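A, B and C label the chains in the order they appear, each numbered from 1.
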Amino acid sequence: MLTLTLNTTRRTEFLDITQEVERALPRPGMEDGLVFIYVPHTTAGVTINEGADPSVAEDILGALNRLIPLQGDYRHLEGNSAAHIKAGLLGSSVLVAVEKGRLVLGTWQAIFFCEFDGPRTRKVLLKTVGA
Amino acid sequence: MLTLTLNTTRRTEFLDITQEVERALPRPGMEDGLVFIYVPHTTAGVTINEGADPSVAEDILGALNRLIPLQGDYRHLEGNSAAHIKAGLLGSSVLVAVEKGRLVLGTWQAIFFCEFDGPRTRKVLLKTVGA
Amino acid sequence: MLTLTLNTTRRTEFLDITQEVERALPRPGMEDGLVFIYVPHTTAGVTINEGADPSVAEDILGALNRLIPLQGDYRHLEGNSAAHIKAGLLGSSVLVAVEKGRLVLGTWQAIFFCEFDGPRTRKVLLKTVGA
């Protein structure tokens, strides 16, 4: 299993990791299959969305911050319940197809690491599965 | 990788694609494994939910439209930020098990393509992975 | 495909199924790959989040109950539209990597069955895929 290490710089932030994932694909190695992109944290997630205009990621973060306020009637005492909830809504993994060693993404798609309780040093695990 | 092409007819809409996915499974071919169902768009998603009563899909769309209003304090200038956000909440792929060449779904489950910025011509990519 | 059977005891509830999943991994069998954890129901889901402090699961449930009220302007006549919507937001499956026959989870991560329309007897399907 491959590991990417990321440093986030803000409390909530989307980092485009598409190129890091693509570069990490085994060459030569899996030519055709799926890559499993997994976040081993409980206050961060991963998602696929538009990468061309950074405003899209900001709008997604803005909507999540509006729906899940940082402060609220939460029981968890560490003060980061909102981050756990957002991570639950976006999910801990995505899968992307690989063909001829390249990610199969739509024209506008990018893979984003979703930081909800930064800044921190984070890991993303990658595993390839053959077809 | 197999491609389904769909034409959506409304701005936001769920299309039941269960039969199209089942028919697209390779025969003879993968008898046992998983099928990866992927949406290469950033304003559409895919989900699994009840297919028997169309009201369920309408209620899910209604809740999403209420939580993520079409017009809001968005930065993305194309006017479809709500669609990007909804796509992020539902996700770009689902996996379904296949046994003896048939989808393994619960009694009430159907696979829905989720249009959030239609009407458009859309694609769904399918890839099978052996167990 | 392996099946776990669960009994939920409340209307909405997270059950930590990490140990049940780990125990169900084939031994000897898949030493390295992914385990697909699938909920064949439309009013329940599965997610990965913090397992150490039960308050986190309560906060996630609390946020979902606030965003998706049990009673609302719903069309589905069975009275459980909120459960279908929550299931859609969390999703019907998760994937977890397996190495040397053990789940590869982050320090704080646990796998939760998410009951949104209990109490009921529920099933979780498990399928392993080799790498």
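Quick note on the criterion: a contact is a pair of C-beta atoms (placed from the backbone, for glycine too) under 8 Å apart; a residue touches a chain by one contact, two chains touch by 3 or more.
These figures come from a predicted structure and were not determined experimentally.
Following the contact convention of this document, A is the list of chains adjacent to both subunit B and subunit C.
At the interface between subunit A and subunit B, two copies of one sequence, fewer than half of the residue numbers in use are shared by both copies.
Distance between chain centres (mean CA atoms), subunit A to subunit B: 20 Å. Chain contacts: subunit B has residues 67, 89, 91, 95, 129-130 touching two or more partner chains.
Contacts from subunit C toward subunit A in the complex involve residues 33-34, 47-50, 53, 55-56, 58-60, 62-63, 67, 89-91, 94-97, 99, 104-109, 129-131. Of all residues in subunit B, only 1, 36, 38-42, 67-68, 72-78, 81, 84-85, 87-89, 91-93, 95, 125, 127-130 touch subunit A in the complex they form.
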